[in-house]
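A, B, C and D are the chain letters, set down in written order, and residue numbers restart from 1 in every chain.
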Amino acid sequence: MTKKDKLVIGDVELSSRFFLGTGRYPNPFVQNEAIRESGTEVLTFAIRRVNLEAPDEDAILQHVEGKIFQYLPNTSGAKTAEEAVRIAQLAKASGLSSWIKVEISANEKTLLPDPVETLKATEQLAKEGFTVLPYTSDDPVLCKRLEEAGAAAVMPGAAPIGTGLGVLNPYNLSLIIEEANVPIIVDAGLGSAKDVTEVMELGADGVLMNTPVAKAKDPVRMAAAMKHAIEAGRLSYEAGRIQKKRYATASSGYETFISK
Amino acid sequence: MTKKDKLVIGDVELSSRFFLGTGRYPNPFVQNEAIRESGTEVLTFAIRRVNLEAPDEDAILQHVEGKIFQYLPNTSGAKTAEEAVRIAQLAKASGLSSWIKVEISANEKTLLPDPVETLKATEQLAKEGFTVLPYTSDDPVLCKRLEEAGAAAVMPGAAPIGTGLGVLNPYNLSLIIEEANVPIIVDAGLGSAKDVTEVMELGADGVLMNTPVAKAKDPVRMAAAMKHAIEAGRLSYEAGRIQKKRYATASSGYETFISK
Amino acid sequence: MTKKDKLVIGDVELSSRFFLGTGRYPNPFVQNEAIRESGTEVLTFAIRRVNLEAPDEDAILQHVEGKIFQYLPNTSGAKTAEEAVRIAQLAKASGLSSWIKVEISANEKTLLPDPVETLKATEQLAKEGFTVLPYTSDDPVLCKRLEEAGAAAVMPGAAPIGTGLGVLNPYNLSLIIEEANVPIIVDAGLGSAKDVTEVMELGADGVLMNTPVAKAKDPVRMAAAMKHAIEAGRLSYEAGRIQKKRYATASSGYETFISK
Amino acid sequence: MTKKDKLVIGDVELSSRFFLGTGRYPNPFVQNEAIRESGTEVLTFAIRRVNLEAPDEDAILQHVEGKIFQYLPNTSGAKTAEEAVRIAQLAKASGLSSWIKVEISANEKTLLPDPVETLKATEQLAKEGFTVLPYTSDDPVLCKRLEEAGAAAVMPGAAPIGTGLGVLNPYNLSLIIEEANVPIIVDAGLGSAKDVTEVMELGADGVLMNTPVAKAKDPVRMAAAMKHAIEAGRLSYEAGRIQKKRYATASSGYETFISK
């Protein structure tokens, strides 16, 4: 990334475009190594009341020393806007973060976000001064309405959480990016480095991942892979790819060379 | 790439998995900057008799100083095995390289390689002691036969040269990789960083590109993108991606955190 | 279709699963021939006040004689639930139909449906006794909520109207179908017979098309193609396709034959 | 199919574009019903010596009464051109058919055809006066060379035999069709009615299937599905599909209607 190519969300300027989830790693050591290798500056995790009441116990994130993270707590588990709002308020009250990832689902099988409740919660939390990043479907109209409701960034899913199915609908993502005035962070469903390069090449401002890193055979190496994939996709997006054509064009240069 | 993860072709050990063509850049300066940025160690170009007779003139490749490249001249323009063999012999006789990319096509529209002639030329050149890298279709049986004929590496195309269509048949590429005992370098048709990450993630040993870099709006930046894409794909291949699933799995960790 | 395989929407039983739009044909003769060839029993069109005030003029649909159609007027042009509801009420009041396709969009470029307004209009019109068929995005949660709001059938788009891009997200469509208790009619964005066979094979209950037929080079022949495509996909869905496998299985039977 | 739209191979004119394999059906009754339902006029099967020596035993094909088929015996099991040629000669000598599907593979896992041996056998059998239909990969150059070698039709595979993976590379198929002067019959790897509609829409002259019909849950119904799929794809190809576009076009006609 060149010096000017920063991602700005709310009043925070980020050098990394990689948002990383903290769940499902084999152990805290691997988790921390993966976090380090990823270069991430934003960590996301779900909030439980117990966390908020006993913040000192089992403080996994304390292990990543020498680095300050932007926390992005999420409201997963919430089935309504009301529940999500309450969780966000608790998180803020505890001093954790004023950033909140709105994540509301009533479907256990797909965990896909509820559009109406997500919009409602986003609107209210934005009014209350939160930096709101809603997780949403890839419905372009809905994404636009979330922006209008005050979202600081919008986070459409590539596929259902944890499926690793990759970008089910690159066309929709490209429409969303084309129309957006806030950053678009692709969240959920990514499976591999290819998927990540693809979304960044479409012009996404960043990606949020958890399972593809945490459940890879080698999470630390996969964190490095994803970091390169983000860089590759972003640079390619900036560099401007060639047009696709139906027929061939010879590429070989006829070079003069140093012969001995 | 870790220290052990080297690509070995013939008796040459390579640190980079990026083979770069030298044609179609806007000017020599951009060409050289792109070559430098790519980290490539193998340069490919077509051979003309004039090159071989007057090797000192217009020596573009001399501009890339302080770096020694493995040259991979190609036989593009050849329509038969006989022509390709003759070009290879001239290149070797001039002291340029004993590596040769066999590239034989009679179809001006697609420049797709002729399977029979390619096989014939590969067989003969391997017998003559060349390090032969044939450009071929993604026919898995043909790729195997090229290996049996003595190819040092096999180079199936992702799509016709210069089209940027990307990986038309990832399944065939994965079969080829699965069955191969020599390195598989994906050559031709790639368009973007995503395509490159994809083929590396399938287990390809490297990629050869020219047009997607040379004709990008910013070739130097695209060279960097492709370098990252190769790294991303290779690391992801090694790290072992998650399985795809139809239904969701919650990923969020319920972390305890440092609250202040 | 076997005798039992009927599509039931509201209290209407349909023998054809093809809903056809009446716009954009080169001329009324071709329109009528295409309608006839398609075998459709449901015709859809937008409502203008002028239609409702002067129902006798230019009565194109009168030309399709000897056949009784279910009319499915749509609310295209509406940007809010309120506008859509008003249009539906006018249509009903004029005696045209109590079926209504809710179609609400504020985006001129994509004409993609607004999820919130669509849900609101569906809810109200269902309460008023309409047979409501909302055009919606392929967001599975939204489709479920439309069903819960009283939709008689739900009509997710394959792609934006008139684009011919085909099924952008077959996975989402299959989730929607899997979860639905009302018929799913795929509407908008289909381009070719292949697209139609695909959605029917996924288990859709029907398709609504207009542009792919009306703007084909030969609309009448394309209407026949689409009819066969619906039949093909439906029969294949019922017949139960083979599983995909990575490796081959010989299929040849060793038959004894009549030799002379 | 209109009366003029016939498929001509060698000196035979066919009304159906469906070539059907006779293997793997649950029982002879289902096999015969499926054959009948499919409308096929060309049956394909492998040849064993025992068939040729004892043509009267177990004559399954005798059960399809009242219909005369063009037999297309295949050389499956052959690993070389020599073996394939010998099988073809035996089949002809026994009076079975002078049509032969050249099928040569040495790879048990993929059963993919050997390009070099296939070309050699095709050349020789064509010279001997056979009507030769070689099964081949989707390599466009190879397909052209098979035509030049005297193939009466060329049969590229969509995917390996029996996998049901569908059309792995529609681009290559479309190139093959575009360049061909003999009929292109897509053979092997198809899985569903959608796949069939797709290849016919690309302009293929016909399809050869076995497993997708024989191993469907309901083979007879699937035979009907495939028949419709061929019709759908062919009609759509002839009717001329709409162009794909990135943005929407309203399709609704504002019709005047008969109101009562």
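Convention: a contact is a pair of C-beta atoms (placed from the backbone, for glycine too) under 8 Å apart; a residue touches a chain by one contact, two chains touch by 3 or more.
In this text, all values refer to a predicted model and were calculated from it rather than measured experimentally.
Chemist: Using C-alpha centroids, which chain lies at the maximum separation from chain A?
Modeler: So the farthest one, by centre of C-alpha atoms, is D.
Chemist: Averaged over CA atoms, how far is the centre of chain C from the centre of chain D? Could you give it in whole Å?
Modeler: Once rounded, the distance between the two centres reads 32 Å.
Chemist: If you average the Cα atoms of chain A and of chain C to get two centres, how far apart are those centres in Å?
Modeler: Taking the average C-alpha coordinate of chain A and of chain C, the gap between them is 35 Å.
Chemist: Please report how many Å separate the Cα centroid of chain B from that of chain C, as a whole number.
Modeler: Chain centres of chain B and chain C, defined by C-alpha means, are spaced 47 Å apart.
Chemist: Give me the residue numbers in chain B that touch at least two other chains, ranges are fine.
Modeler: 110, 112, 165 - these are the residues of chain B that touch more than one other chain.
Chemist: What's the contact topology between the chains, one of line, ring, star, complete, other?
Modeler: The chain contacts form a single closed ring, each chain touching exactly two others.
Chemist: In their complex, what parts of chain B are in touch with chain D?
Modeler: Within the complex, chain B touches chain D at residues 105-107, 110, 112-116, 119, 137, 139-142, 144-145, 159, 165, 168-169, 171-172, 175.
Chemist: Contact residues on chain A for chain B in the complex?
Modeler: 21-25, 44-48, 50-52, 54-62, 71, 74, 76, 94-96, 109-112, 160-166, 191-194, 196-198, 201, 210-212, 214-219, 221-222, 224-229, 231-236, 238-260
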